[in-house]
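Once you've had a glance at the structure underneath, I'll fire off some questions.
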Amino acid sequence: MIAVLLIVIPLVTGIAAFFIQNEKTVRAWSLFASLAVLAASLFGLFLSGNNQWLEYNHEWLQVMGSSFALKLDAMGQILCLLNALAYVLIFIATWNRSYEKANRFFGLMLLTQAGMMGVFLAMDAMLFYFFWELALIPIYFICSRWGGERRIAATFKFFIYTFVGSLLMLIGIIYLQSKTPDHSFSISSFYHLNQTLSGKEQSFLFWLFFIAFAVKMPIFPFHTWQPETYQQSTPAGTMVLSAIMVKMGVLGVIRWLMPVLSIGAETWSYTVIPLALIGIIYASLIAYRSDDIKKLIAYSSIAHIGLMFVAVFAVNQIAMQGVIIQMFNHGINVLGLWIVVELIERKTGISKISELGGLAQKAPSMTIFFVIIALASVALPLTNGFVGEFLMLTGIMRIHSQYYLWFTAFAGAGIILGAIYTLRMITKIFYGEVKEAVTNITDIRWNEKLVLGVIVVLIFWWGIYPQSILNFTSEFSKEIVDKINILQFLPSKTGL
Amino acid sequence: MPINYYIFLSVALFAIGVVGVLTRRNAIIVFMCIELMLNAVNLLLVAFSKMHHLKAAALNTATNAGSDGQLFVFFIMVVAAAEVSVGLAIIVMMYRNIHSVDINFLNRLKH
Amino acid sequence: MSVTQILFWFLSVIALFGALMVVTAKNPVYSVLWLIATFFAISGHYILLNAQFLAVVNIIVYAGAIMVLFLFVIMLMNLSKESEPQKNRWLKIAGAVAGGCLLLVLIAALKDADLKQSEAMVNVGNIGLIKNLGKELFTTYVIPFEISSVLFLSAMVGAIVIGKKD
Amino acid sequence: MNALILSAILGVVMMFSGLWLKQKSIVRSLAIAGVLLLLLVNVLETSGIVLFKFDWNGMLHFDRFSLLFNSIVFAITLLYFILSSKDMEKVGINYAEYFALIFFILCGIVLAVSFKSLLILFLGIEIMSIPMYILTGAEKRNLKSNEASLKYFLQGAFSTGIMLMGIAFIYGDKGSFQLDAIAPLNGIPSALLVSGMLLMLFAMSFKSSVAPFHFWAPDVYDGAPTVFASFMATLVKGAVFVAFIRLFDNAFGEMQKSSWQLIIGLLTVVTLIIGNITAVFQQSVKRMLAYSSIAQAGFMLLSIYAMNTDGKLGLLLYVAAYSLATIGIFAVLAKMKDYTFEGFNGLAEQQPVVAFSITIFILSLAGVPLTAGFLSKFLMLKAALLSGSNTMWLVIIAVLMAAVSVYYYFRVIQAMYFKKAESAAAIVSVSPVFKWTLLLMAALLIALGLFPNLLFGFYYF
Amino acid sequence: MQNALHIAYLIPLLPLIGFLITGLGRNYLSKSTTGIIGSATVLASFALSVWVFMQVKGGNTFTADYFNFISVGNVTIPFAFKIDQLSSLFLLVVTGVSFIIHVYSTAYMHEENQAQFGRYFSFLNLFVFFMLILVLGANYIIMFIGWEGVGLCSYLLIGYWFKNKQYNKAADKAFIMNRIGDFAFLIALFWLISKINTVGYDETFAAAAAGKLSATDITVITLLLFIGATGKSAQIPLYTWLPDAMAGPTPVSALIHAATMVTAGIYMIARSNVLYSLSEISMNVVAITGLVTAILAATIALKQNDIKKVLAYSTVSQLGYMFLALGVGAYSAGVFHVMTHAFFKALLFLAAGSVIHAMSGEQDIRKMGGLSKKIKITYITFLIGTLAISGIPPLSGFFSKDEILLATFIKSPILYGVALFGALLTAFYMFRLLFITFFGSFRGTEEQQHHIHESPAAMTFPLIALAILSVVGGLVGIPEAISEGGNKIGAFLSPVITSEHPHHVASSTEFTLMTISTVLVIGAILLAWFMFKNYKAKEAVGLGKVLENKWYVDELYNTVFVKPTKALGVFLKNVVEKSGIDGVVNGVGRLVQYGGRQMRLLQGGQVGSYILLMVLSMVIIFVIQFFLRK
């Protein structure tokens, strides 16, 4: 029931939002809706273990073998929580921003949320695909309608990119379904396929799925839509994209790719892991030389996600745990960064690093928040980022491959490079003498403080006492790793 | 007569019709060439009908075997007549507007 | 060589020659006339095949009604002079070659067809007689026959729509 | 058969109504009532109530598939009449005759989707084609309309010749026009039969605008009066496809692997590529839709390629989804002042409901989930994937081309939502009925996308 | 009954509370309140540390396990503190020196405004917190938390005056270089975890002793850990950040970049002595790196003109000595030197701060001179510090340095010779600094001359306290040769440092060595006196210029690492990304558009060509069907 609520609340409230003409009302309405979703999500956490509340299964599209199957497992819980929480935070943080045709904006935002919830919850491939696209369409409208000058072209590129990816995935889904004995799309049927599909099929199908997820995450070299889209779309859209939507790709890999096509994944692991690793270094270096804060954060996100991807391929519980909690952490952290960037841009109209400077004198609170969040994103100990990256790297070190050291070294090099570009950004934006462009900037207001405060609290909570969440996800991660490992991942190439 | 002769004759007539369609610019003549194609088909159908009749007669089954081919020719003629009426009407309408029946002038719609 | 065979070749040559002339004649009127000649040759074939009904209908409907209609239209438009501008030469050659290719391919495909032994019954057989065909038409083929009325209706309506002055 | 006879009668009725009824609104209402009646009797027939009983002599066969398709056609025609019948007034003075012709076309559709004999197929297709030549040229003063009409006619007649040659060959081999007699295959099909089949294939490809026999389509859809173009490009094409699939299933089904599957596959690829790629560069929405109709034909062709239950059912859904969406967009287009993409600029501000509906239509055409367009594409892909072991190449090309289609479809969305209007009003005023009908169609698309059983239920039960 | 030491968590917690109060209240609390809170929390920690030390001395060591930090699968990392001899000693040093410097800071930073003052103290408290975590941690992860945390505080404090771009750069540099070291540290931890599923000290050492780790593993792990140490403790190759770190306020330099944080590397290796002793290679690497660093830094210090830079290089050099000690197996000597160094180097820095304070912010010694008479307390304390660092008996530096030299001698006389040379250099440059600063005539501006004044009590008191410690601090480690049982510190640490190489050397040799070094040091001092008693600034040439420019190492790094990285970044951004990947993507789009433009030409508008194309297609399909397919 909770699972259904999580989708239905944003869906219904989102549709309703279209009909509310008054901007203030619709803003309040969406905040209320997002709070309701958050409440439902927290309630779901509270009920964890109580399956009849967390699962939902209803007949639908029987003619095609699909059913409306939802389940709130541990990863789903975490991501739904992220989704719900991020929306509340986004709505509060952008409370002061005014939108033309606000009703449409908020309606689309909530629809996106519903779509993403569905992706996180779907236990049926068809349903998964449905929600995958449902999330895409409204966000495309948001980014394309409210944004920078080149938004139309940029977001269209994003759309085409993702659309191609998801269509390829669709082929894969159809193919898999046709191979299931009961012609069903359900995830359990898919899991059974792992042992029956031939290696050739798997290695082919792998790419169909991989490209879809790689575009979404994005993994080098499927990433070029991202920086421009982040730069051009409206801040709220960017936040949704980078904080929540990229997790769809990671979730896809964890839930739909690896356990279903583990032989294919193994076959290609020596192709895709290096891709992701190159991506980490590549994106970090570009971030280092970017003059646009938004692009910088976009590229940093590519690097972070690349690490998660590699960690998934490590296929062990430690790494999996790391990935799962890092999904949340990255979402929260990057959201915090965007909120500050949005503030800066809203107040100065500038997002060029070289034109900013000395903000620390004008807006000390903002600076403190930003620095804390940035440090969390470079994985400083006692912040949430550290826990995730530590676990992931520990897991990568245990990868069953003779190149494990190289993998770890490259993946870890991202930590150093991350520090380099993040510090450069902080230094240039906040420190130094006050530049002319920022002389009129004021410090943050209560609502922004509240949001950033919540983020900071989460950063420290999960940084100091991560066990609270690790316990929660340990069983799930073990299960999923066992599923992937059913034929022993990378068995022939053990190096350790 | 061996049926092959009829087939080749019809195909030849048909091909001449096609060549006419391809090489002429006058809409009416193009249309006439199409009629020629239809007649080639008619001839072939009749020949086939007689062939099937012969086969059936040899087996001594249905006495009316093969009549369907000839009836089909009849329907082709019916349709051809209908087409001609419409086609000529269209050509005349065209002529009224541009005072030509040259199909090369039909190039407003392209790309 | 029997009379039938002589007739067959004779009619075939006329038909083919007529058809070629239709395509090549510069004057549209000549084209029409050559087409009528071709139709007559084809009707001859029908008779040869003992399909009298069709032979008659072909003469009446095709050579008579339809071709006269064509002639009418050509005269009406005063297109009788050799005014047709020539098509691009290359296009013409291409068209001829394409048509020739089609012919070649069809013949090549069909020449090995297992029909060598089959023959079309010439001169004998009475299925082509009006009586037989009529019976068939109004029993088995009554539905298509009725349906063709719809076709005619629509053609009629169409001709009116197109032809009527606004 | 209820529908067959009734549609012919209705054609006659409409023909005369022009004579007696001077008021166009009454003519219009009559037509709407007529098509409603048509739908009703067809549904009745589906549930077993047959008003007229004939001995068809094995020439026609009304099975669930064709009846269901007829119902779809009539229902969409109904919506089409409601949406667009007013715009027909702009075409010319022969208002009632247009309806008569459309009813004749419906009659032809019924024939073409229910045939058991090649003769009926031939007649059905001709009954569809001849009124279409007329309707294309209905705007007599418009040179484009004239041109389209003549082009259509010449090429249509040519393809008829091809088809007849094919029929003759088949007859030569099999000695019958009945599908049941043609179908049995002992050993290798003879060259005569294969040639005939191929010629039929060309002719059917032509009628359903499959590349490389599609050349007439863009010009005709572009030149024809917009109201009629929408009807021609959707329902008629769908009917031809159903005829196509019936012919190749019932008559040549046994030759699938040996003779035509590969060729259909090649045609599909060519159609998809030509349709989609050419549409990319179009500046006029109308012409873009013309090319997109070719592209969509490529997808529909997948069902013929596959020739399995998924494909056939999917084709039904495809026709429904595609027709609803395209008719909707054309209906709006008929009211636009400017057919270029720029003409749509800022439409979302002026006509939010219309713009929203168009968005749904376009999403459906592009095959985005939650719409019937997606589900139908899905079924097509699935059918193709299931039809053989080496079909991945085809499916991947199809999918990539679907992605290309997004490129041109979304230009409309971009124009409507993300660009500002240059002139005051892009659209002449629309009536509430029009808006509601559009919304209804959009809702139908989504409903079919979510619950295809609304449609398939009829097939199974 | 719970062990009394369980409350050790209070030791780091108190500074953390101080950090929160001073940090959050920086806009509300007055400067004096901030200073009091900041110092008091550290004082309380110090008091607790003393108590803990007494407990430990009484034989009560304890591992306090508070909660599970990370527990995944078979890896469990508790949040635990280990209170034993080593950590309790460090606790004392850290809290003690920190307290003194806090007090000093209240005066030194008094000119800052209220908010900045609060920020300063909060950072300082935060630093103490992390340093204590580092010291107290019972496993490498907890140590790593502190390890990175102190790096962060170092970064924050170096860049404390954030308006200055150079300072920010120095801060970034410090953080990044530390990060590089930390990364190696992390890899070592990953390695450990992947081998033995634990990072706890006791478990690791037990596993190593039990042979669960192969020799290669141990070597790699120890080397990686050592790379981490080179970052934190400013050794070759990662030492260049430390001199730049002098951008921070002087008390920060004293606390973080001299007394405590930079010794973290020594602490870590001493802590891991069991592992290191198992790897001969690592030991040698540590020793040689330390020695080379010591000499290199000393040579650079010879020609530096910034008072703090000289001290900074001196710190690097002294740290090198400590590593040398560790490398030759004299762990307790290293730790001992950490302690004495903390005293005298903090003293020197604070005194330098006092000088700078007196000179109104001037740091260039070429513009000082003859200050000995004007700021007497500063001068005397500075002198004591200089004597101590030079190794003049019986000051603290003498004992600790001597122990290191002795251990080196036992290991290898050649190393000893080099190390001794370094000690001479130390004495020479330190006295050069002293003479140039305090002797001769004043070379600064008039205005500065007027302003010269002794610092307030809050600054001089710490100087005196540290001076006393510098004098007597060495007495806990009197060589056995001089006094039986004099090496109290070695004895105290022996339970932790289980793998110390025993000293097998005759007392006479030991005495000889002591005498040699003392005599030579005095010689060096005299040389310095003659050269610099009346210093005149002049342009450096030849080797002097190379030294003044720090062997051009910064430039080298810049050319070899920084610039190529930047260039690569620009290349990737502008060429690979734009023209390469995005070019391909856009190229596909353009190709489609181009295809659309070309393909629509097929649709030429001519019926004739349409039909021609159709016929040709038919022909082709016929050919395919009948002649190409088999």
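Each chain gets a letter, A, B, C, D and E, in the order it is written, and its residues are counted from 1.
Keep this in mind: contacts are C-beta pairs under 8 Å (C-beta built on N, C-alpha and C of every residue); 3 or more make two chains touch, one makes a residue touch a chain.
For clarity, every value in this text was computed on a predicted model and none was experimentally measured.
Undergrad: Determine the set of chains touching chain A that also touch chain D.
TA: The shared contacts of chain A and chain D, listed by label, come to E.
Undergrad: Give the chains in contact with both chain B and chain E, ordered by label.
TA: C, D
Undergrad: Which chain's centre, taken as the mean of its Cα atoms, is farthest from the centre of chain E?
TA: It is C.
Undergrad: State, to the nearest whole Å, the distance from the C-alpha centre of chain A to the C-alpha centre of chain E.
TA: Measuring from centre to centre gives 37 Å for this pair.
Undergrad: How many Å are there between the centre of chain B and the centre of chain D, using C-alpha atoms for each centre?
TA: 27
Undergrad: What whole-Å value do you get for the distance between chain C and chain E if each is reduced to the mean of its CA atoms?
TA: Chain C and chain E have C-alpha centres separated by 102 Å.
Undergrad: Averaging over Cα atoms per chain, report the distance between chain B and chain C in Å.
TA: Roughly 5 Å separates the two chain centres.
Undergrad: In chain B, which residues are in touch with two or more of the other chains?
TA: Chain B, residues with two or more chain partners: 3, 7, 14, 17-18, 21-22, 25, 30-31, 48-49, 51, 55, 65-66, 68, 75, 79, 82-83, 86, 90-91, 93, 103-104, 106-110.
Undergrad: Using the touch rule from the top of the page, what residues of chain C touch 2 or more other chains?
TA: 87, 91, 94-95, 98-99, 102, 106, 109-110, 113, 115, 140-141, 144, 148, 151, 154-155, 158, 162
Undergrad: By residue number and range, which residues of chain A touch two or more other chains?
TA: Residues 160 of chain A each touch two or more of the other chains.
Undergrad: For this entry, which pairs of chains touch?
TA: Listed by label, chains in contact pair as A-D, A-E, B-C, B-D, B-E, C-D, C-E, D-E.
Undergrad: Flag every residue of chain B that touches chain C in the complex, lowest number first.
TA: 1-9, 11-26, 28-29, 31-33, 35-36, 39, 42-43, 46-51, 53-55, 57, 64-68, 70-71, 73-75, 77-86, 88-93, 95, 101-102, 104
Undergrad: With touch defined as at the start, can you tell me which chain D residues reach chain A in the complex?
TA: Contacts found on chain D: 313, 363, 367-370, 374-375, 378-379, 381-382, 385-386, 392, 395-396, 399-400, 402-403, 406-407, 410, 414, 417-419, 451-453, 456.
Undergrad: Chain E touches which residues of chain C in the complex?
TA: 87, 91, 94-95, 98-99, 101-102, 105-106, 108-109
Undergrad: Mind pulling up the chain E residues that touch chain D in the complex?
TA: Spelled out, the residues of chain E in touch with chain D are 589, 592-593, 595-597, 599-600, 602-603, 605, 607, 610-611, 613-614, 617-618, 621-622, 624-626, 629.
Undergrad: Which residues of chain A touch chain E in the complex?
TA: 157, 160-161, 221, 223-225, 282, 285-286, 288-290, 316-318, 321, 358, 360-361, 364, 375, 380-382, 386-387, 390-391, 393-394, 396-398, 408-409, 412-413, 415-416, 419-420, 423-424, 427, 430-433, 465-467, 470-471, 474, 478, 496
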